[in-house]
């Protein structure tokens, strides 16, 4: 059973998607470790270390995603999590921006998969299978 | 132990010193109460929330207000002026950014700097505390309609001080409604105390002859909240505010989706807020209602979004709400541009104006629904008063602790999170998992029957999957979720 | 003297020869009835108007259809495919150009040529007669939903022949509804005779086991038409059509603006059409209703227009219409682009789908209004039958001649044009100048009282200026006209 | 009292605006000669000759205005009406087109005043006063 850490980063309290992600991934056979809303980068990293996770799925809905995710990959590497897959999704930037540009920005920051508004957790299931086996 | 008692002036003034010390902008001279009072007394009627609301109420009109907030003062002014001119907004807001909401003023400062550097807003709102009285007053002076802070701040004491001292005549929030949907592990004891302070400040101004408006945040999590639950919270917050001396209160409700249930909720909310205020000894509080256009996930297609905005406006107007908070075609993507925001306002205003001469007339369906909501609210209020042993503040704290009242899909650990709502066959929000909520057996039976009928018609189980389908449904163009909603979102 | 009798087959076939001689495309081999019958029998259910309407009716759904028509075949196909794919239209139209409507096929031919030359449509619709069966069938084959001709043609006999022989399974129009709003001095005798022919053709096909749909044009002039008047015309046309053997009829109604009056009109229309059909001995006619989104002057702002489209969709769905004809954000300017047209469809579909589980429930206001409309219709029907001395065709002709029935703002000299409507205080359409209309004194009293109350509240005279204000009002965002509406349109 | 001929040209049956124009101009002191809907160029010209009109106000709503108004000015000149002011308004072309271009097109055709969708008859009152005195 693969383990994934999920949660909502920063000062973000959007809880609905997080609860659904928890349910859908559990139903699909993952061991879900949910750090919940209002979680810091450290909360995600600590949970991933403790549970030996295969992937970290960050949600950011409220617009500050760009600031909140800065140097996250670097910190993961520092913590010895270089092989852990990093996903991010929700409404990860402020406003309606060009999807391709946003994706590139987050890929450059070290995320493996970047999801745009309107992409639901169900859309990530095949990717998770591909990436985690 | 916190109690629902008016804070003695001396205690209030003592706490006030600490509050004004929380960030450097707390030292502004206009935060001397006598200065603030002078300033507020000079505000003309057309920029005074309480006045404009009273006028609208007497005319039976539904006025409109957008959400809007960006990091920098000049940009925020530009935004508000645009919404006033192009959107014909009747009220303007500063939606406060999320760092400020969590009192992370240093993060907000970084956000302001970064926004200046990149020349675009990296904050999701207006950091009023960092901008201080000078910045906030500059905004107020740049517009011609009343201005309100809209946020989601558990501890908004400093924010509240600053905005009122800047001439902003309304503040959204409350000790419950700005905790449960907006926090994770801040206690209700704390947030109720913080908001008693905010209300006490308004009560202070009231004593000086200045009527400011207060607005509990009605929609809570905006996600399938049964009307009786959000109405109960609104009523409790109105009572808490009135206790501190607030005399002008706008209770809110977020669109659920079924026309009759929504109009019933609005009518029940207004009637019961008034009657509970009287019951608790407050006979001179002026009550209005605010309807929030659909607060859940929005459709991404702009025409569909405008259509949903139009439907919401129809419901608000037929339900005779005094104010409506508008959404935009960008809702499902991100903070709207000023153009998108003004467009949402125009679409909304068109219908609030077109339909101003109509109300939804009484039908059996409507009066039944009003009766149902009122009965549930009465039972919840009764339970709250009971477990408070006579004190409302203790009552609501204990009621949440024991799950007698419960809010679905909330981030806060202060609510049990056991209640599970779903829609019945015509889209009314009902409950199928009650947790420990204080409903009696006949109410539960009513809800269960409604939902059993749906499960039967849709040939499926009453389950969490049904709830997820309901959450996804409106964005897909359905009210009652269909099997497999998650697959339909790419239309 | 024309009478409401089924045209004997032989007479029909004789006239038919002349009709097919009116323009060269009348000689197409598929216009041989046995060929047409064969073709029509092979049409799959999902492209058959009658079938799709019956299905929608049984499911309680409201389906949508745009207006659309351009000069050239390929462009028209492109347009319809776009509306099917991007607009999710349930039915498609060919809106016919105005030259064809006046049987000016030579003008239409010039328009086609000029459109080819300039590579844009200079015609305001699709000239189906000039394109003939080959062109019309090409269009039909290019789409996947049922296709209908929508026009306004007093003498549509050749047009009707061509479209049905091309697989189009519905035709809009009628001897009254395609005369009064669409002609100046063609007699009702003539147009009723022309439309008896069109209906007889459908009756012929019906005898061969092919059920085609017919749709009287409900909104008439689209301008403050009192519901009882348009409903009466629709019922009379349904009876005339049924007499010729038509078995699938969609009666129409154009949005008036007041939610309750509109829903009442839809319900009264369906109930009375069915009951009059039975009364006249037709027990096997399948009746559905179509609701036209606001048919008067539209607001120019696109968001306001979308909002109005949304409101219309709400009314149609809560009123349980089986079909709705959509408008677009370009309405006040000109024929919409295909993009604007599809956007109107999306906005409409979003709400017909979202609200499919709701209807407007009975209230006193609603049942009173239904009763009122029905009583007025009964009186008008009674007068028509009376002056027809037993014959419905003669009855309607005489009733128009003597002003017993009258349509406001019509171009036709065949209607008295004395009736003058205006809105009452909640926006319901009432009458203040009756001319010779067959209402009894108590009905007139009812209308007068409603309008007196408005005049009093608005502190003004009941006058033609009030009517003009009402005509301008919706484009300006008001339902009940305000003094000085003409000055407000530049918002 | 100035005389104006009004009407709706071509195969156009839009009657509502025509009735309002009739009322508003009469109220404002003009002698209104209304040829009604479905009027040909000749109907307008004959009425103008017979009544010695000062202006002809053509309405076209249905989209064929461009075709229906072709050579109207020339025919007026032929009929000796070169001094009669020509106005046109309504929805005079097919679809939502560039206002300036449309105005130019009709001015080139010889119209003195051209009105776009949304411009009501009330907007023409000052022009009429200017032009007819």
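The first chain written gets the first letter, and so on, giving A, B, C and D; residue counts start at 1 in each chain.
We adopt the following convention: contacts are C-beta pairs under 8 Å (C-beta built on N, C-alpha and C of every residue); 3 or more make two chains touch, one makes a residue touch a chain.
Keep in mind that what you see is a predicted model, and the values were worked out from it rather than measured.
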Note to self: Based only on mean CA positions, could you tell me how far chain A sits from chain D in angstrom?
What the structure shows: 66
Notebook entry, point to check: Centre to centre, by mean C-alpha position, how many angstrom separate chain B and chain C?
Noted result: 45
Notebook entry, point to check: If you average the CA atoms of chain A and of chain C, how many Å lie between those two points?
Noted result: 55
Note to self: Using mean CA coordinates as chain centres, what's the gap between chain A and chain B in Å?
What the structure shows: 29
Margin query: By the document's touch definition, which label belongs to this structure's chain graph: line, ring, star, complete, or other?
Written below: line
Margin query: Run through the chains and report each pair that touches.
Written below: A-B, B-C, C-D
Check: Which positions of chain B touch chain A when the two form their complex?
Finding: 98-99, 101-102, 104, 107, 110-111, 114, 120-124, 152, 181-184, 221, 223, 300, 330, 332-337, 340, 409-411, 464, 468, 471-472, 486-487, 489-490
Check: Taking the complex as given, what residues does chain A use to touch chain B?
Finding: 10-16, 19-20, 23-24, 36-38, 62-64, 66-67, 91, 93-97, 117-118, 120, 122
Notebook entry, point to check: Along chain B, where are the residues that touch chain C in the complex?
Noted result: 257-260, 299, 301, 303-304, 306-311, 313-314, 318, 343-344, 346-351, 353-358, 361-366, 425-427, 474, 477-480
